[in-house]
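Listed after this line are the structures, all set down as structure tokens.
In the two assemblies presented below, chain A is common to both, partnered first by chain B and then by chain C.
On to the complex of A and B.
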């Protein structure tokens, strides 16, 4: 097997822009997914059964269908519902919706992990529910759910490869394109792997850094 | 006549037994008769069921300002549920609870009553402080952070003002030097004292204690009781669910014995511990006496 580095160096510009598109759609999808997921989780934890039941159906629906099919539904099926989106917004929306239900489940388990008594204490002092979520539950649950959160974020990173199907010029589309033009499949696919590896590695490093940062109060023991 | 007062005041973790007994006695004789003080908390026919089980069966109760009321009774008697109802942590489903004249938790409407909006509930119990068996401190905040949180979020004090009042409260419970420690770095007794400071910071008119020493190692009970005694002496109105009969005997103005969701009897500590006539109360106290009477049998 001969690795021809010129394939990579000749297309460095394209690869770089593909990398940026991947980074952009990924991070936008993560932000959207986490925001939606938090809303779903809060509605599930604090809402009544009228709110919870349809959310449960939505979660099951998204969890039990492939991301690719959901993406097609948004991009190709969207116009029939009056939702005509360009590829990139459609892709971000797809990623966000897909991720939101998993994030919601993670957040929900996080809310459950904070002892009820702490909320009763807050309640008695007149602290509102919203203040309680933001000041007492979220900071504590972050410590517990951070590993699961980072895990889901890295899954979404790799799911961005699917966006190539709806013609978003991200890393996978660019590099497989170069591969079929030049027949240098090994070089391009290897580069593709390295590209995702860098992104995922950066993400988990950041996660570990955060873990030690937010978990400091847990590590201090009685003297 | 049976005397059920546990020998030596009963509080084995109380080092200054004699001193506090004297204080306790003098307090009771010198304090204004509770009858002259206005009623601050009143319960009428309060009932509560968990499914089929009726845990509170029409409780009537009045607490006057500066009164210290201890609720005693066997486990499952409903005393914790009763106390938690007074802060609307349990939705009592019969009767009324009034705090300083205002109905707690419910709104009367044409079609019966419905739960009051949260803001209204908070308004009514604004002057109620609650201390829990499990402390319920927020572990991600320092001791001072715990005390200041509600001052900042609810009373909207500036950071400086909240800090000042927070430190004063920690000082009051003897923990100013632990202000920057997290709950995990404090002993159980210290955590409970921080929890008391947290409730006191809101300047409550009445303090509710739900078995405040039950989760503590025996040698840490005394420091928490000491803080509570100081509060009582300062005239704080207190309702205390407790298994510390010594504390009840020394500090309470009145002791209420609950069993199976009913007030069996209410009286002064002397009535309850010395002149118990109710069979159920006698049985309950006899159990305590038997359990704690190891020093009596020593000579036999």
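On to the complex of A and C.
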């Protein structure tokens, strides 16, 4: 098996734009997923059972169905609910919804990890709920949940490959497209594998750097 | 919005496809378990090279999206002299290799939880490495990691939805075909989601029960 580099160099422009689409859908999906996840987690921790029960059902449903099926429902089923989306927004929405329930579980475990006494103390000091979440709970829970958060972000990076099935021109779609044009399947797929490995590795390295950063205040306390 | 007669007509077709999905997932879990035990014990090997090897396996198969792995296997096998690999075989190989990497990490945790004294005792009793692995380490590790293994099964059933890209008529592919012919996207895909829920929600429940039991025993 001989690796033919011209296949890569000839299509560099397409590959570059596919890479940008992957990065774009991934980052938008992560942001949307985290925002939705935070909302769900806050509603679960502070809401009453009337709010919690439907959320529980939503989480169970999303967690027990494949991402691909959710994408199909949003992209092909959406128009029946008056939600006609182009592939890219549909993909981002899908990633966000899929990620949100996992992010929510992570955030919830983070909220649980902050001692109750601190919340009572904050209440006594007249700190509002929102301030309490943002200045007391979030900084402390970030240290604990960051590894899980980074893990979920890399999972979403890998899930972006599935977006190719609803015809989003991201890395997988572009490279398999080049593969079927030139019959150089092994070369293009090998490149695809290496591309994702680099992305995932970069992401987890960045996560490790962040871990030391968000944990800094703890070292300061220790000194 | 729902067409009940059509729903009743499509349901048996999806039920048949459910068996395909389950068979592929169970086969992948079984093969993946064997890979996981091997790679997991490589990761704990005293030989640095073997540890690296195990680490590399996990890095590669966890770092690449399953969809890409499946495509790679499907197109790569003919290149190494295995033409006309059936979609089922390609799907099972792809899912097993990926599952192996995740199960390896689970098993590593299980192996590490076994007290070292047991292995020393086994060594004194004259058990060789293979016997130690199969009779002492694996049975205990499985008990300890059962909730995670159930979770892995759920992940595999969900991941198996991707085998449709190599042409296997699993649950997802069948629903796609149905939707393509009757244009009832919402109804067909909701039914598809329902089938996955029917399998995965009870499994998740079993997993949480097992987890609670394990915690009680540990406490």
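In the analysis below, the second predicted complex is superposed on the first by the 218 of 223 C-alpha atoms of A that agree within 3 Å, B and C clash if a C-alpha of one lies under 4 Å from a C-alpha of the other, contacts with A are read in each partner's own complex, and residues count from 1 in each chain.
In the analysis below, a residue touches a chain if its C-beta (ideal position, glycine included) is under 8 Å from a C-beta of that chain, and two chains touch if they have at least 3 such contacts.
Keep in mind that what you see is a predicted model, and the values were worked out from it rather than measured.
**Q** Check whether A:83 is in contact with chain B, with chain C, with both or with neither, and answer first, second, both or neither.
**A** After superposing on A, A:83 lies clear of both chain B and chain C.
**Q** Figure out whether A:35 sits in contact with chain B (first) or chain C (second), or with both, or with neither.
**A** Neither partner.
**Q** Can you tell me whether chain B or chain C touches more residues on chain A?
**A** If we count touched residues of chain A for both partners, the winner is C.
**Q** Using the superposition on chain A described above, determine whether A:127 touches chain B (first), chain C (second), both, or neither.
**A** First partner only.
**Q** Applying the document's definition of touch, where does A:164 land relative to chain B and chain C: first, second, both, or neither?
**A** It touches chain C, and chain B stays clear.
**Q** For A:206, select first, second, both or neither according to whether it touches chain B, chain C, the two together, or no partner.
**A** neither
**Q** Quick check on the superposed pair: does A:57 touch chain B, chain C, both, or neither? Answer first, second, both or neither.
**A** In the superposition, A:57 touches no partner, neither chain B nor chain C.
**Q** Quick check: in the complex, which residue numbers of chain A touch chain C?
**A** Of all residues in chain A, those touching chain C are 1, 60-61, 63-70, 72-73, 76-77, 79-81, 158-162, 164-165, 172, 176, 179, 185-186, 189-190, 192-193, 196-197, 200-201.
**Q** If you look only at chain B, which of its residues touch chain A in the complex?
**A** Per the stated touch rule, the residues are 87, 89, 118, 122, 125-126, 128-130, 132, 134, 136-140, 149-150, 153-154, 182, 184-187, 195, 198-199, 202.
**Q** Across the complex, what residues on chain A touch chain B?
**A** So the residues of chain A in touch with chain B come to 115, 117-118, 120-129, 131, 135-136, 139-140, 143, 217-218, 220-223.
**Q** Touching chain A in the complex: which residues of chain C?
**A** Residues of chain C touching chain A: 1, 59-60, 63-69, 71-72, 75-76, 79, 154, 158-162, 164-165, 172, 175-176, 179, 185-186, 189-190, 192-193, 196-197, 199-201, 204.
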